[in-house]
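Take a look at the structures below.
One chain, subunit A, links the two complexes that follow: it is found with subunit B in the first and with subunit C in the second.
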Partner chain A sequence: MSLNLISWMIFLPFLGAISQIFLPGRGKWAALAASILSACCGTALILGMDPAVSDLQAVEILPWVGSYSITYEVGMDGLNALLVLLISWVMPVLIAAEWKQKKGVAGMHALFLILQASLLGAVCAQDLFLVFFFWALSAVPMYFLIGIWGGDDRESASFRTLVVSAIGNAFFFGALILIYYSFEPHTFSLKELAGGKFAGKTFHFLDWDLPVPLLAFSLMSLGLALRTPIWPLHGWFTVFAQQSPLSVFVAVSSVMTAVASYLFVKLSFSLFPETISATSQGIVAVGLLNLIAGGLGALSQKNLRTLLSFVCIGEVGIALVGYGSLNSVGIVGAVFQLLSLGLGIAGFGLFINVLNERKGSTDFLKEGTGTTVTGTLGGIAVQAPGVAVVAAIMTGTLLGFPGVSGFIGHSLLVMGSYSVHPIAVVVTVGAFFMATFYFFTMYRHVFLGKAQDSSVMEDLNFREKLYLLPLVFLVIWFGIYPKPLIDLIRPTVLTLLSTIK
Partner chain B sequence: MGTLSVENLFTLSGFVLGWIFFLTLFFFGDRISRKGDWLVWIFMVVQMAFLILSWRVQIEAGWSVSHWALSWVDSANLDKAAGPMGPTIAFIRDPFQLAVWSLATIIFLLLLINQEILHFEERPEKSHASLILGFMGVLLCTSAANFWTLALGGSWVILSGWTAFSSNWELEREADLATRFIREKGIALGLLVVGAVMVHGSGIPLSWNKSLIQWLDSYPNAIAVKVGGVFLLMGTLFLSGGFPWLGWSQMNSRQSLVKRTLFGVVLPSLVAMMTLVRLDPLFRGIGVSHWMGWVCLSSAFLLALSAMSQLKKEAYFLQTMAAVLSLGMAGGFFSSAWITASILLGAYLIALAAAMVLSFSSVATAEPDSSRVSSETFSTVALFISGLLIAGFFGFVSSPGFLKSYLAILASDGWGAVAFFSVAHLMVAICGFRMNFGSKPAASGAPAPVYVKWMTALGPFYLFILGMAWIWTGAMTGEIVPGLMDQVSVSLLDQLFGQKSIQLDANSAEGMGVYWGVFVLSFAISYWMTRGNPDRFEKWVQSSPRFAGFISEQIGMDRLGNGLMNLLVRFGSAVENLIDGFLWKKSIPGATKWVLRILGQGFGRADSELRKRIEWSTARGFAGAAWAVQRIQGGKLQQYWYLSLFAGITLVVALIVTRGLL
Partner chain C sequence: MEDFIAILPELFLAFTVGGLIFSEIGYYGERYRLVTATAVLGLLGAAIQTILATAGFGPQIKSAFSGVIWIDPLTTFFRLFFIVLTGLATIHVTRSKEVPAERKTELLAFLVASTAAYSLIAASNDLVLTWVAFQLSNALIYFLGSFGVRNVSSTEASFKFLGFSMLASVLFALGVLVLFAATEQTQLSLIRETLQKNPLDKLSAWASFALLSSGLCFQFAAFPSFTWAPDVLQGVPTPISSFAATATRVGGFSAAIRIWITLFSNYNETSSAWTPWEALPWPQILAWVAGLSLVFGSVLAVRQNSARRLLGSLVVSQTGFVLLGLLVLDTQALGATLFSLLVELFALSGCYFVIARFVDETSTDQIDEWKGMLRKYTGESAALILFLGCFVGIPPLGGFFGRFSLVGAAVDHHWGALAAVALFSWALSWIAISRLCFALVGDFSTARVAENGVATRRLWSIFVSFGLPLLVLSIFTHPILVWVTDSLRQLK
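So, the complex of A and B:
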């Protein structure tokens, strides 16, 4: 049995994680090598994809649990290619960001690698059970990463994260079982289940006949929502933001959030097209709620970590508004926005990490002093212009400033949504204006003005430049020339939409 | 999609070069000799070469319009929601583009020559970088063939303002100024993008070739297009510093007035002007121009009022200039785009020239030498000319715009509208003349620094020459005297905009009467108001400081805006406390604990009861047997037991024997 490149991409990080046991002292390099090799496999796969083909590419199918029709089926299309790109580029950066971790670095890197493998597996899997397997697996490293390397209240935060993840996974599993037994012959293959084949099927419970598509869609959505920062189920996320190591927070807010959002669109659009069509207004409403709550929450933040957590909540809302448009422009924009959001939040989170390492604080405003008195940060642009510029570019992309990737995602998304939900677009734009306020307020208090202490802050060192500059490059490149990616996404989105139409 | 011509290739190369220079200066400017001003020179020389090439190509092509587009996002094939043409980078070559490009090049060169007046703060390399970025932004805006390219250029312009204002970023007030500037301009740009999305989403490509007009004839969703158009117009108004979006002008700063005027007013307003001129068919087509004319007129009136209430020289000047821009836009909305352009082009030149004059004292020395000249005479003359220009005096480019605005408003809206326009014009003109009358010699006995370089002293006059009416109209008086044979050359405004909508004739006497009346009246009022020290403006401000403060804070709009934002912050904080703090941290865990405790207690009670009952039943059920067993085990019944056992065995044996069973 020989594995294709796509399987190497998924399993190389697992091998790297195992290598941490056998390579004491040199494990860091092995971890980074495994992560980068996996990223190279992913990039090579994307470069080798034919944009004109809407079907799955680089497919690999192996039998797994034959008696239950569970297969190891993985493949790539225009949608998951973007997620593969995001995971492949961000995860090595996170490993590099924790290079100088003093406490159990091998363990931390191994957990990052397991996370990378499980997320890659989740986005590439084409078997529902395999999707669940990888997605559920991704919760395990999170628990240990925060439980061991987190802040003072890490036990509570990790327990809370685990409980929420477990409940979310349980809902997802419920949906999975319901789908499996509602389809004859029983299967988990997404290809066979796709295309609205559950329409009209019911699930008998007590005296009620519940529609399977709506029930399964609700369970699955709730399961994913619990593991994504969706307002008001986001309580664990803000605690997570405060207690987790920043690199772990970046992994969750930039990568895992994007993966959950992708799973929602991939599974719900292909399995329950009629339900999606019927609930699109609700999806937009939830998106708007997140957008407003995220914006309002971010306005009142005084700490960079919690600010970023609310930004993430708002950005998930924007993506939901795009999904609710049910047209290709909006959905392409939303999916592109996932990539842009992931890169932007990764860069933003990592500059917070740099500040935290140097200054030991991420408070940019003093508690209880309104929005005018600078906290422990300030005047950093003079001391560390490199950090200031990276932060400006990442802020620009999260804001949707022309010339960086956020503009493309936001514009397409708003353009697509406008024709269907014009009021939603007006609210979305209102949220953008709020974002203008809180981002520039943050920037002013962190980077401009007088330095708050006399300590000299070192600018980006070589290692930090090495891992931040690729993110900056991608953000600018996709902002200037997004066409190749858009061309890649478009056929898959059109195929997904064809089942709805 | 056209083929990439040589001049477009050069334009693209120019942008690449500009970005390289910008980044080099921004990051390493302090380590480069002369703070990298020679890099700006190289960039400008290259741009001039491209400009000359473009002019040559344009003349050879007979002033035809060429159009080239590079697929940027390419949503053309997505579906109809993106409209007939998705966001592309597209360049256009037409006379208007070349004219504005040329004007911008001259202005930037002039500022570069007089760079000491542009940036006298500690970080000139940042200003150099900002100059390059700002120029590139203007160039992209003028070369843009569609809205998306223009928005990209606009974002560069705003970014250049931010980098320029934050060049002294260790100073708190500079940081506040830069932050407020980019927040407000960012919102203006956001409004533009929203408007564009609405119009584009309704099926009208925001591309200024023939297709815009073609699509306007059959746009499918009139309300959305109208609302989108209003957003676009509001964005342009805010971008040009219309009321109440100039609050940042009152903030203290060590930045030179020239820099604040260039990056804060002129460049963003240039983006606004390009939007207005390019999308003029759209605005006329949806019928909102007239309505926006009133909005701009109100903005001009309120800005002039606010300027009069200012005690700070810089804020007074910037608000006056913003009032001129609003007035120009109002005139344009009531009549035609070229009027807006003519007034605004004049306004940019006045603004920069006057800012240079007002900044003389910052770069002057007390000692004369051969390379320096006393600035006093130059200042007086230049400020007088500035006053004339602001008032729209004949001979300058803005004069035909003002005059024809009167005629257009009179023809379309009657005397009521003319009265309101003339009041706004009067106030703006009073503010303009005050700059001249209000300039006083230094009061202290110490010798004031008055000697400036020759080039610096002459700088404003080059701008005035550029603002001469004959350059733009070809007529010595600027075509404001009907029947006068003073046409000396081709009218550039005619070349740029085609046939003008308002022609002067012998029946224009009423409009001309108002125009001249306003001019004379403003001159007289300003002269009277500026007598004395303090003058009547200052006396008015000092006599009613609260009211003047209210006016100068944009009729309290600044305070209202801040209050609203603080309210939102508090609301956000309350929502967060409610959801995160109360619901997730207290209520849900508390409720879960309570439920678990109740369940646990209930289970415990039930368990205890169950155990008791089981014990009781067990005790009752097994008591007899247990008693017997205990008796047996206790030894009391054992002898009877053994006796019975042996008796039984004996009986069995006896039976067996007697019955003969064995």
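So, the complex of A and C:
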């Protein structure tokens, strides 16, 4: 494992982004090649991992800024392996989905590649500064992707996203400074900072002495929450969902949300175990609020984009319920759910993209009515069975149907949490029923019944099949045979939990 | 004779001014090119003199003219700083279309003369000399600002600067008078010695600090005297904005470091830190000034549509960051302050250089009018984005480490609320520059795609003058921080 595969995985997309400047005309292929090569590195890394080892694997360390003990330290463990898999498989698909983009395709692909590199960097980084660097960097492409390729109100949406990201990053950075200066000797190495070393430390703020772990945990959580669809900070996200290009929306809702969720687990469990232990009830409560808010919001939606945005809010809630269980089965389920959710939302978002390209609309109900079908969508299953099948599989995984990956994540999460928070699990199951209702309503209106106009909708073409197939394959594969992944996650989760206990 | 050796850089600069005036009369044909060469040679000579003077005297403090001038590593740092700044401003002036060609010689003469004045401020151990040098530099900035003669905003801006600077000079002079009345001394070291024997009463201590600091706050555009900065930096010709934005503020900081630390604090050898006078907890006042500068600067920056005004507002928030390093009173934080100023020297000048180019091309500095500039001027636009990022401290650029150290120092010294305000301001600065960057990238569907505007020579000059130093500062952060912190070793 001395091939520096992690660095290749992170920096190949950067090189691909740079190549967009020098390869006019052939840039698309270079972008796709860079993204796929990076994905191959990621997949090779995961295949080469030893499931019995809970420590970091394939570690690469390079001193960066000596004055501040900043190192370029990256590595893989059971937790981030799933995220690497998700990013590696979803990002090339998004580049392929924007193959026919007419406006500045090279720029768009370059930004997607920067996003891929920064997210991979954020999940693999083992130095807190490096985590922040890559995480903050991932906000930059988002701003331009919405601002340039978004809907009519794109400038306002991109500015909102930017403001929220900047404030979120500032909170995260505040936590980072607090952590760095509270530890002697000052360091950013997660390995050295881990294990509850901040217990008992205080920070003087105005006339109060605030506990460092609680303050840093709150700042970090708030910083991450601001950049993810979490109720009640989700205002920017619903606007974003309406204005951003669908591929960008998919990138945020499936990949970035999962990365933020992973960073929350990784950093809070390893750096502030005592705070996590003390606030686990609160985490579950926030999770339930999101589940309910997401579910109720989704019930009243008439547009596929906004429906998916509320689904995303609800799914983040499910993951939080799992984390709050402080139970290995629950947390393994929640982490597995990140992958499953990411793949499901990516597939769902891309099928909406296909509908949008064919029909020019994503509304499935008329404004102001509860049941009437709009003139654009309806009866699609007969005309485009391929689209209907993909949508059914992705809906199934988001609902947690047996045979698809969502089932494994949901089941583990519910089983693990029940012994700790039975009431929370009852509410969660209630939210699943609510989700079943609105998903079936959506599916019925979009795919079943009569076609609402005379135009015939084309089924998936070769390119669309090519990029949707990997997602469908993974969703089914992990639904049928999740053992290798669960074996990979378990040791890392047990190590994290051992610090808390 | 040794006294004159100590001020050789200033003398060299004064001779250069004379040479420029003479060359304005004497040169024909290639006049302007020769004038520029004269200015550059003069600055180069002054830089060599600065280095030789330091090397000749060794690490000890050397005083000249009965202690009025003080040559220590900090003086060397600031002298070189101002010389490099003027060098960069000279490049601006030679390239700018905002200043008429026939007036560039006198403008260069004023610039070099200002450098001499700022260099004197950096070397001054005497409050009267500091005051005189401030007057000289402010008057020269006023004249420099008026160079856009046919431009009403330029005249208004320079007049505004003159008005504010007069008020500040009166306040500063009153502060000097209070101290003179109590100690009968004007030299910092002598005032300090006298005050150690006979401390000032509380009222006089506060009065002297408040009056001197009010004068200084004008210089470095801190709250509440920051209002001149956005107006003046927008109104005057861009090359002058570039020079004034950095020179006036860093001149102020160089004096403030000496006055606040030498005069109003006591050094503790064991902790390598200073403590303020017991009767005068001035860092608390400074914390308010820093906090309000941070908030006002960044909030104003978010609202601006003019690129120059945006930078003028960001400069105010940058002042807030730099003040963080001064108020925590330890060597590391002061080192970070100097490092931040060093980054600012190249980043801010670089920003103005590219902005000047865009103003020349579009005749406006409105951000909305620059949509899609990246396609037309790819190199310049990319450089501007990089310089802005460096200035507001986007990781991992050099500016980030400066700000990180300053905020970290505030956290380390229990200025938690101030650190929180700094973080808020930092986030707003990112938002402010993102608007400009977004405009440069532009909307692809409406971008004005025109002929390739890349000028190779210009790009090279941007890279060598601004990009390369910033790259060095970003890569070699550690040794440079150590070097600048080392220059504070004699400041006790």
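The working rule: the second predicted complex is superposed on the first by the 494 of 501 C-alpha atoms of A that agree within 3 Å, B and C clash if a C-alpha of one lies under 4 Å from a C-alpha of the other, contacts with A are read in each partner's own complex, and residues count from 1 in each chain.
The definition used in the following text is that contacts are C-beta pairs under 8 Å (C-beta built on N, C-alpha and C of every residue); 3 or more make two chains touch, one makes a residue touch a chain.
For clarity, every value in this text was computed on a predicted model and none was experimentally measured.
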(message) In the superposed model built on subunit A, check whether subunit B and subunit C fit or clash.
(response) fit
(message) Quick test of understanding: once the structures are aligned on A, what is the angle at the Cα centre of subunit A formed with subunit B and subunit C, as a multiple of 10 degrees?
(response) 160
(request) Look at A:238 in the shared chain and tell me whether it touches subunit B only, subunit C only, both, or neither; answer first, second, both or neither. (result) first
(request) With the two complexes superposed on chain A, say which partner A:205 touches: subunit B (first), subunit C (second), both, or neither. (result) second
(message) Quick check on the superposed pair: does A:156 touch subunit B, subunit C, both, or neither? Answer first, second, both or neither.
(response) neither
(message) According to the stated criteria, A:329 is in contact with first (subunit B), second (subunit C), both, or neither; which is it?
(response) first
(message) On the A-aligned overlay, A:432 touches which partner chain: subunit B = first, subunit C = second, or both, or neither?
(response) first
(request) Using the touch definition from the top, say if A:461 reaches subunit B (first), subunit C (second), both or neither. (result) neither
(message) Output check: A:281 vs subunit B and subunit C. Expected answer is one of first, second, both, neither. What do you get?
(response) neither
(message) In the superposed model, which partner reaches more residues of subunit A, subunit B or subunit C?
(response) B
(request) Using only C-alpha atoms, work out how near subunit B sits to subunit C after the chain A superposition, in angstrom. (result) 7
(request) List the residues of subunit A that touch subunit B in one complex and subunit C in the other. (result) none
(request) State the interface residues of subunit A toward subunit C in the complex, per the touch definition above. (result) 64-68, 103-104, 107, 129, 132-133, 136, 143-144, 147-148, 158-159, 162-163, 166-167, 169-171, 173-174, 177-178, 180-181, 203-206, 210
(request) State the interface residues of subunit B toward subunit A in the complex, per the touch definition above. (result) 26-27, 71-75, 77-83, 87, 151-152, 154-156, 159, 166, 169-172, 174-176, 178-179, 182-183, 186-187, 189-190, 193-194, 197-198, 200-202, 224, 565-566, 568-573, 575-576, 579-580, 583-585, 588
(message) Going by the contact rule set out above, which residues of subunit C touch subunit A in the complex?
(response) 394-396, 401, 404-405, 407-408, 411-412, 414, 416-417, 419-420, 423-424, 426-428, 430-431, 434-435, 438, 441-445, 477-478, 481-482
(message) So in the complex, the part of subunit A that touches subunit B is made up of which residues?
(response) 231-232, 235-236, 238, 293, 295-300, 325, 327-330, 332, 370-371, 379, 381-382, 385-386, 389, 399, 401-403, 408, 411-412, 414-416, 418-420, 422, 425-426, 429, 432-434, 436-437, 440-441, 443-444, 447-451, 481-483, 486-487, 490
